[in-house]
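Naming follows writing order (A, B, C and D), and every chain is counted from residue 1.
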Amino acid sequence: MIELTHDPIDPAAVLGGVESPEAGAVLLFLGTTRETTDGRRTSSLDYECYPEMARSELAELEAEARARWPLVHCAIVHRLGHLEIGEASVAIAVSSAHRVAAFEAGQWLIDTLKDRVPIWKRENWSDGGADWVHPGFTRKAEGGPRVDRPPTGP
Amino acid sequence: MIELTHDPIDPAAVLGGVESPEAGAVLLFLGTTRETTDGRRTSSLDYECYPEMARSELAELEAEARARWPLVHCAIVHRLGHLEIGEASVAIAVSSAHRVAAFEAGQWLIDTLKDRVPIWKRENWSDGGADWVHPGFTRKAEGGPRVDRPPTGP
Amino acid sequence: MKVTVLVFAMARQLVGRDRLELDLGDGATVGDLRAALGASHAALAPLLRGSLFAVDQAYADERTPLVPGQEVAMIPPVSGG
Amino acid sequence: MKVTVLVFAMARQLVGRDRLELDLGDGATVGDLRAALGASHAALAPLLRGSLFAVDQAYADERTPLVPGQEVAMIPPVSGG
């Protein structure tokens, strides 16, 4: 089950969606918005995505996870729009007969989601300003973008 | 937070107990009672424990996990008494700034709990009979206990 | 041939729009589009280096051919989760 | 000296009680208790081989000494979780 939503994620509903009498293990991972990132305080976050592709990539993640592990159910919910501190930006829930599959699939799903699914977050800092987060890339507090190392070629 | 309870586990309450603005990752593991074990149908389960020691071993698990990983919060709840199929027998929830610690600590906690904490389950079979589960040990459907291999010495 | 490039996140912020139109030569590939985009929108150049492109909602490589009217998405490093 | 052995799960079922009293020699250890328990309650012998013992609510080894009146728990392979 795949969902992109602007509404708050209800962890109990996500969990309920993967429960089953066939399952001996249920794993829920929540990514939540932290107050401090690298020592700087965040006041809120905004998430945006490329909707059609985010949806198809999430569906592909679920299909790949089901091919790799014997899952009973799998749910991936990603929040979009404006989030306050402490809110969940993503919920991943899987159920399986045995726990190893649930742990492995859950960790693979969040790792691969963060690597591959076209969703971006913007950190809105408590001291003002906001930065889109592009891993491997940083932006000066004021002014234009820069790369971590000076550009060395075209 | 450690709890041994005869009441149904409320996963939302366990989750709520580990949420924090310092946490970027929350992991919840539920062990649930499966309908089928090795092809045989279970109708229900009963759990018993050595209460004082189970409590101290669980507290020791929490302390060890906190020493090994930078956890914000840690909760371990184990159900006792009679459980119907699909009910959770154990809930483990951890929160941490980053997800790797949450996954590693969650998996270590359930693995070590199953290895070390003096709690036992009895499978009540749909076709009648009941067996206490002692890993490495099996009991005939009728009659006395036996080991997997014939005893070879005192 | 004309193609449309969807831009997101910092790229959208840098160009102040959520889509750009580019005019490419016939037979252009994703690699050609990347070069043209860096030339026409210099502010995107640093971010372009770490970005991928998607054609038909799937990641494409540099040799993927484009067709007239194609909608291509520039995917800067993602930060979901 | 008399010691009390708490028994659980299949062990409790096999002996029909949740505690047993044993009379051991002075200076007896957990290993001596294990041997005495197998001799006095033969039905427990197979399960005893895979069991541990706890003294003062902590796992003990075979050399752990016992004192008169000590409460010891027989811990057959656990199956919580």
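Note that in this section a residue touches a chain if its C-beta (ideal position, glycine included) is under 8 Å from a C-beta of that chain, and two chains touch if they have at least 3 such contacts.
These numbers come from a predicted model, not from an experiment.
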Touching both subunit A and subunit D (chains): B
Rounded Å distance, subunit B centre to subunit C centre (Cα mean): 50
Geometric centre distance via CA averages, subunit B-subunit A, whole Å: 28
Centroid distance [mean C-alpha coordinates] between subunit D and subunit B, Å: 24
Distance between chain centroids, defined by C-alpha means - subunit C, subunit D (Å): 72
Residue numbers of subunit B (touch at least two other chains): 31, 110
Two or more partner chains touched - positions in subunit C: none
Those chain pairs that satisfy the touch definition: A-B, A-C, B-D
Complex contacts: residues of subunit A adjacent to subunit B: 11-12, 15, 19-36, 85-86, 88, 95, 97, 99, 102-103, 106-107, 110
For the subunit C and subunit A complex, residues of the former touching the latter: 6, 8-10, 13-14, 38, 43, 45-47, 49-50, 54, 57-58, 73, 75-81
For the subunit A and subunit C complex, residues of the former touching the latter: 31, 47-50, 52-54, 56, 78, 89-90, 110, 113-122, 131-137, 139, 144-147, 151, 154
